[in-house]
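Chains here go by letter, A, B, C and D, matching the order in which they are written, and residues are numbered from 1 within each.
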Amino acid sequence: MSEHVDSVRTYASVWLILLALTAATTAVAYVDLGAFSVVVALTIAVIKMLLVALFFMHVRHSTQLTRLVVVGGLLWLGILLTFTLADVWTRGLIGTPGR
Amino acid sequence: MANHAEAQAETLALREQFDTAEQQKDASTLGMWVFLITEIMFFGGLFLAYTVYRDIYFPVFALASSSLNAVIGAINTAVLLCSSFTMVLAVRASQVGQRNALIIFLILTLILGVAFLGVKAYEWNEKFQEHHVPGPTFHLEGTGQQGEAQLFFSLYFAMTGLHALHMLVGCGILTWLLIQSWKGKFTPEYMTPVDIAGLYWHFVDIIWIFLFPLLYLIDRHLGR
Amino acid sequence: MRLPLFPEQASNFAPETDHLLYFLLAVAVFFTVLIFGAIFYFAIRYRRRSDRELPRVLHTGLALEIVWSVIPFGLTMIMFGWGADLFFRESRPPANALQIYVVGKQWMWKLQHMEGQREINELHVPAGRPVRLTMTSEDVIHSFFVPAFRTKEDVVPGRYSTTWWTPTKPGKYHLFCAEYCGTNHSRMIGWIYVMEPQEYQTWLSGGRAFGSLAENGEKLFQDLACGNCHKADGSGRCPNLVGLFGRNVQLADGRTIKADEGYIRESILQPNAKIVAGYQPLMPTFQGLVTEEGVLQLVEYIKSLGRQPGTTPAEVSPNPPAPKNQ
Amino acid sequence: MITAAAQERETYLNASYGIKSWLLTKDHKRIALLYLFTVTLFFFIGGAFATLIRIELLTPQGGLVSSETYNKLFTMHGVTMIFFFLIPSIPATLGNFFLPMMIGARDLAFPRINLLSWYLLVIGGLFALFAMLAGGVDTGWTFYTPYSTTYSNTWVIATAIGIFVAGFSSILTGLNFVVTVHRMRAPGMTWFRMPLFVWAHYATALIQILGTPVLAVTLLLVFCERVFHIGIFDPALGGDPVLFQHLFWFYSHPAVYIMVLPAMGVVNELVSTFSRKPIFGYSFVAFSSLAIAVLGFLVWGHHLFVSTQSVYAGMVFSFLSYFVAIPSAIKVFNWTATLYKGSISFATPMLYAFGFIGLFTVGGLTGLFVASLGLDVHVTDTYFVVAHFHYIMVGGAIMGYLGGLHYWWPKITGRMYPELWARLSALVIFLGFNLTFFPQFILGYLGMPRRYHTYPDEFQVLHVLSTAGASVLAVGYLMPMVYFIWSLRYGQVAGANPWGATGLEWQTASPPPVHNFDEMPVVTHEAYDYTTVLGEVEVG
């Protein structure tokens, strides 16, 4: 039943990379990147998420269905954010207050 | 060995709705993943509110974010990542049937989880003393937009509070797992509870991976 | 007792909205008759005659599925385009519109004319001229709804919203609050009086106006000592407000924003939200010191500063960038 | 309740006795009956509120109750009917009972979670009932801020907690269904052999899983705002009340499909069984359920056209709203086409199915009106919208629910209901419904705003008509209540398959044994293959 047993070494490397990325994201926050700082911060966060999901949560050994569930969940979060921001970011664009 | 076989017979007793152990394990794992989806959407509402207000009131959010202690935040992130590491080792130990290792790693995970909550409590306490808790006594130095600054801290408390609540539940699950593994309930053939508890624990970790840069690291370079 | 089926048509948008309705009604009636007719016909024609009969299985016709997906879809796209076009025009008041300011509160409508007339739960407007309403709320969300004009727009606390229409027929029309706002929601109603233009002029001059809106705003401006800092010659510690309205303002954080009503309102109530480039965040907030009506008077006063002879009217300022409304 | 014939064998009803055997049961069939009892209770509570509303609106001046009371009545009507009746109605009762049976499973994947979700509904319901008895709540079921957070002096918090808890009940039901459909199908039961009822419930479950948590967190924020005044939606602190509306409708628009998709699922079974034909365009109908579930999440902003949402966002939402019309139209056309050259029986469930198709068609078509930006500006927040969604939720969801209840009643209880009374009540409900809600379309276009306690005199005639219809409707709803209870004792004993239907639930005894099937089924046929149930037949 325990189809895939990853080595401790694999887990340890992922763990060390995660710690390094945490240090990196903290350090880079003190550098002035303008609007890019949020992009960098989120990119690092997404990489960390992928590492945790793929290795610690065994998504890389998992079924198509599990992957579909994961992608679906993120997609739906994307829908919630995108469509609401589509409103927030275009308010007043037409030149009439409140439209 | 007789003891082991007995435990196995007991735990392998299928719940009556399932035909095979395989089916039971698959169903439980899928159930946990689907549950995690609902958790994504649950936190999603807060992430949305955060994104909208950060966009509209960016300067105040940056100022308010700078009042948090990024070093403590980073250390706490590391603590949580370590706990994920020990958790995955616990899952591995149960996969290969090392009962003692399983117990040790579960204890380590629990300690790290409690440590995270302790640091969190220390930070919140600090907020109370600095009047950074939303309410009538709220005050953030350096801005005239007290209402908007308060919004940041409302979201800070809502998000970290809800996260901490999930940690608390996680610690409860770990304790239960600990008792069960002490009793030798888990075998390489039956370790689904450890496995899906691991999924939950890592998920809570992922939420924090996003909370940390979003709450602690806005415009740090201004050096406020 | 009267049993009307359609409300009166009393604005430029009323016939347009009704035409859109007629189109949708035609489509809806067609499909309703089609479905009901088919069900009745099939049910009777193919009723079960023997308990042991088994009808032949009909296999799916892909062509049929495509036809009954594509045709309705085409019809709905007409509905979308037509409705969107109407809505788009309803969202852009013309430059020459008569400006009225509206404040909703539990449970009344307070309306102010440019000339200073104030009305409660009543609004007098001339026929044949576009009227633009700039609206806000003192408490909860309300909605300004005139069925005879077929228009409605929410009135939201903390921001300005806009609606407009051209009354076409003199008469007396219902004004309703359409967004649930508490106990006396159903009594937050009033009347719109559409008058012949000359009648309206008479009404205006006969009113008990205490100075025009801009004049009242100027008085408030002086009472609050705004002029101590916002000096008209630009020598003050704060930005010069002459000619501000409708201009693009460079902000300290690098953004550029168009100075519309919402921006001026925000700058009075949350002065630190958007600091003009080159100035310090010195201004205290006037939240709680000025009522929403007072803010509207100040806004109108500042707008009037932009209407110096020889300058373009603020409303027609082209190329609006992307200001965020709140 | 137990017939002589049934006494000889063990069924899920007589396998054990006593209150504990019900309150601690893990049998999906018994849990379904617990739900049936609960939602029926809430239906009549919500119905009582509706009755008072309709009586009040007989006169324009509002003489019967005060404005405060009236506002509480329509709020509690909405809260009860939506969160405690419609959302659990079909999935938690008929779905719970028949989804496992239809795919040939002994139970749902997580029976204990199933029981937990019933308890959550009851606990949530108790919070809501407490709020109602303690003094009621007056925010409207939509809880718009800042009214709900700052201005209302009523029991908002208790009601919000009730809905929050009931929300988790709905999430857990959805979770259980998704896992069950994926992991518990009998040998041979491939996805495209599943009855369309199962497809519809699968789609519904997806919405419950993906949407409900957002409602939960939104209510949590309303709760925090009310208790701690944290400002998330308070304009005085820079909060955005329209953000609340986005969060609320992200759930509450798809929630409409939580209510109507299961009813569509029921109608598939009814139309097929009573015309003895497979549903025309099976795979189109199956996928249209999924399409509705997915597209339903992309259109919530059409509730915000006049809310000061941006014009461009409004256009996107209006555009996407029309996409939902297509899968809905596909379903209606395919049901109608199924009747063509069928063998059509006029048994009561089929009458409900006809009623559903007709009323859903009207409700769906008027949905096109409110999705059209220019027209919605006039009709939104009027009785037009009230009429539209009652056509979907009462004309659609409740007709489907009652149709399903009649259809499966012999399977659930082992007894037939009285056919003549049942047909009569179906007719009374259909007529009463139309008389109640059709005048409201006209009222709405005339400009009658919703949630009005008093109204101008010229609207009275239509209101009186509507109230007259409501009294007919009330009689119609009471009738099944009476004869269903009557049939438990006096109804004709039903055989295993009284309708000649094809679903696996009909291949086992009525009422079913504890583990559903004496012998686990192996599926070798497509869904709706009537050659399997009718021995000798005349092929028409």
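Here, a residue touches a chain if its C-beta (ideal position, glycine included) is under 8 Å from a C-beta of that chain, and two chains touch if they have at least 3 such contacts.
Quick caveat: nothing in here was measured; it's all calculated off a predicted structure.
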Closest chain to the centre of mass proxy, which here is the mean CA position: D
Winner on C-beta contact pairs when B-C is weighed against B-D: B-D
Approximate Å spacing (C-alpha centroids) for the pair chain B, chain C: 46
Computed distance of Cα centres, chain D from chain A, in Å: 36
Approximate Å spacing (C-alpha centroids) for the pair chain A, chain C: 40
Residues of chain C touching at least two other chains: 91, 153, 156, 159, 161, 270, 324-326
Set of chain A residues in contact with two or more other chains: 65, 72-73, 76, 80, 84, 88-94, 98-99
Contacts with 2+ other chains: residues of chain B: 30, 34, 37, 40-41, 44-45, 48, 52, 56-57, 145, 147-148
Chain contact graph, described as a line, ring, star, complete graph or other shape: complete
In the complex with chain B, residue positions of chain D that touch it: 105-111, 171, 175-176, 178-179, 182-184, 209-214, 216-218, 220-221, 224, 228-232, 236-240, 243, 246-247, 515
Touching residues (chain side chain C, partner chain D) in the complex: 1-7, 13, 16-17, 20-21, 24, 27-28, 31-32, 35-36, 38-39, 42-43, 46-50, 52-58, 60, 64-65, 68-69, 72-73, 76-77, 79-80, 82-88, 90-91, 106, 139-141, 143, 145, 147-148, 150-154, 156-159, 161, 174, 176-187, 189, 270, 287, 325-326
For the chain A and chain B complex, residues of the former touching the latter: 1-2, 5-6, 8, 11-12, 14-15, 18-19, 22-23, 25-26, 29-33, 37-38, 41-42, 44-45, 48-49, 52-53, 55-57, 65-66, 69-70, 72-74, 76-77, 80-81, 84-85, 88-89
Chain C-touching residues of chain D, taken from the complex the two chains share: 62, 67-68, 71, 138, 140, 142, 144, 146-147, 150-152, 235-236, 238-242, 275-278, 280-284, 305-308, 311, 314-315, 318-319, 322, 325-326, 329-330, 332-334, 336-337, 339-346, 354, 357-358, 361-362, 365-366, 368-369, 371-378, 380-382, 442, 445-447, 449-456, 458, 460-462, 530-531, 534, 536-540
Parts of chain C lying in touch with chain B, wherever the complex brings them together: 253, 270-273, 281, 284-285, 324, 326
